[in-house]
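Below: one structure in structure tokens.
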């Protein structure tokens, strides 16, 4: 039997939206207050969802304690209480929209999960704005 | 790369469930207290989800500020602090169940979104009752 | 020992803000879209809080099952799926602001509670707007 | 037109994770504090989602009042204020992980729903841990 | 200047309400399904609030990281994934209502806090039922 | 009659905790990851509560639409999508703990409110950490 198991995580970080190939005026036109020079920040929330077979012995799709440890190593240590633009080298050239951040998270976690699981990540920047990505 | 971006919105409205082709007794039998003559109301919440390609220049599937403006014009101005049965002419003959309301919302928003996006809307009448519709 | 025990309740109702002694223009000036003629509505939430001594035998300040029954009789039956202006006779002449509604609720519940308890009620019209009243 | 209608429900129960074919040490190694001998508990939340055609006369995919009654009979009466391992005979030999509990719930509810609806259930053990199952 | 700083915590536990001096019938009459023999459980949430002077050097009423450590030692290690009646010796003779549990928690935390702070604890058994206690 | 009316607001900002009179090592010792050089951020939530008499004509303690406008001018324009340390001159020398931020907010709002109202502000940095201040 196939089920999808999910674990929610949290991190607080700062960022600004900015395209290095554009001048300031175009950045403000497209990104508005999100491009503010001195950075702003969010309490990000994310949900990591794994779809796979239920193991008959454990009754688990995936051990959530193990998943929690993976999220600590791959997400929390890198993002929590950090500046996404300045502290994560990949985002020196990539604009940290929630779309680009969730793809980065997906690639990091997918490497730690056996290939017979399907991985989807949902990332909330605020309660009102969020994104889903599953590797396509 | 394909992702789904979502924006949450809110409106407060009154309504009553009622089928004009039935007598009062049958309306009460099927719709119970939801058919109460003088209307009742809800704080509706909804999530508009757009699936599409991530634009390489902006890092956006769709600019959420633009989406917020569309939701203000197409949803908030029509539904917020209104009586759905009396103030929206389409619902003089259509029963304002969450199913029928979400279809109406979907048709209005879908006209404002380029055709290469797939649109899904989730509508909450209360925390416990909600509906999803994606145009099928 | 003294503690405060609280129970949360819910009702969905419609209303409009309106002062009968003013003309339409003044009502719109003061109450804005909340004075809309055809009524709008909310999922109201409320918290009933009782402060009193902990009973040594039960370990209760007040039996929450009994309180739930009082709330059903005194609040839910009167407000749920109703129009506050039209269905509750006291509000034919009183403007149903959250301040006036919470005082009405407090008077109804306080009659059902022994006088050695202190009663406070918090009433939410939306997640963002709420009022507290404790009989003063 | 096809939509998905959902109803949220709640129950409070105790359980422990335990595989009868393993010794205590292996149970602790795999299930950690969740295998604690004297049981612990949760406020479970679940969402029952039905996908089907919208009925032209009622405007409903499925009458949510009827669904609420089914959930009371099939879920709340069996799980609420119970010990899952000791009070539900199927779980004397099945480990009550959220995966196994959601499958049990799905089988009970699916029998009460006409076959032209597609049923999905989401079960939350805590705000952070949850599972989805749709019969596959 | 005086402010109140608060930290929220969580634990999952099982319990049953029972007065040893009463027979089964009276326990069921007073406590209903909460007295179920095999225990049930909850995701408890609690808020620890400290009122005191703001320290000019740190800008803190109380260091929340230190408070988090106290809550881990005094609350989480004792209550999380435990059976309150069976695993905490004080509750072998005290009925674990939220009133009695919050007093027990208050006494444990108050010993770890300097006497120039005023301590209040709010304990949620469910989203709908909660209690506040501040040592009176 | 006296009641307390409350309005919730939101802003997203970045900050870092830092005492200019201490060296880096002492700042890390006391503030931990909150002192990270490149700033981190939060979705702040706050509740502004006004206690006063209910006006007989309007049924309001205070017009919440007016209060919303005050919060936009005094809080949102200053804090939203800003860096508290760099963009608000008072915090160039004051450490932006939630205690110091809530006092700053209280002083700004209290100037705009007639003196016969009692003002309290609650400020949430995360769901788990928050502070209350009422001018004492």
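We call the chains A, B, C, D, E and F, going by the order they appear; numbering starts again at 1 in every chain.
Everything below uses one rule, namely that a contact is a pair of C-beta atoms (placed from the backbone, for glycine too) under 8 Å apart; a residue touches a chain by one contact, two chains touch by 3 or more.
Just so we're clear, the structure is a prediction, and the values are computed from it rather than from any experiment.
Novice: Just to be sure I understand: going only through chains that touch, what's the smallest number of steps from chain B to chain C?
Specialist: 1
Novice: Would you mind telling me which chain pair, A-D or A-F, is linked by more contacting C-beta pairs?
Specialist: Top pair by contacting C-beta pairs is A-F.
Novice: Using mean Cα positions as chain centres, tell me which chain lies farthest from chain C.
Specialist: Of all chains, A has its centre farthest from that of chain C.
Novice: Let me spell it out: compute each chain's centre from its C-alpha atoms, then which one is farthest from chain D's centre?
Specialist: Centre of mass proxy via C-alpha means gives F as farthest from chain D.
Novice: With chain centres defined as C-alpha means, what is the inter-centre distance between chain D and chain E in Å?
Specialist: Here the centre of chain E sits 28 Å away from the centre of chain D.
Novice: Measure off the straight-line distance from the CA centroid of chain A to the CA centroid of chain E, and report it in whole Å.
Specialist: From the centre of chain A to the centre of chain E is 34 Å.
Novice: Using Cα averages as centroids, what's the distance between chain B and chain E in whole Å?
Specialist: Result: the chain centres lie 42 Å from each other.
Novice: Note the residues in chain E that touch 2 or more other chains, in rising order.
Specialist: 127
Novice: Report the topology of the inter-chain touch graph, choosing from line, ring, star, complete and other.
Specialist: Basically it's none of the tidy shapes, so other.
Novice: Would you mind giving me the full set of chain pairs in touch?
Specialist: A-B, A-D, A-F, B-C, B-D, C-E, C-F, D-E, E-F
Novice: Tell me, which parts of chain B touch chain A in their complex?
Specialist: Residues in contact with chain A: 1-9, 49, 54, 57-61, 63-65.
Novice: Give the list of chain B residues in touch with chain D in this complex.
Specialist: Those in contact with chain D are residues 17, 19, 21, 30, 32, 94-100, 102-103, 127-133, 136.
Novice: Which residues of chain A touch chain F in the complex?
Specialist: Residues of chain A touching chain F: 10, 12-15, 33-34, 36, 38-43, 80-83, 86-87, 126-127.
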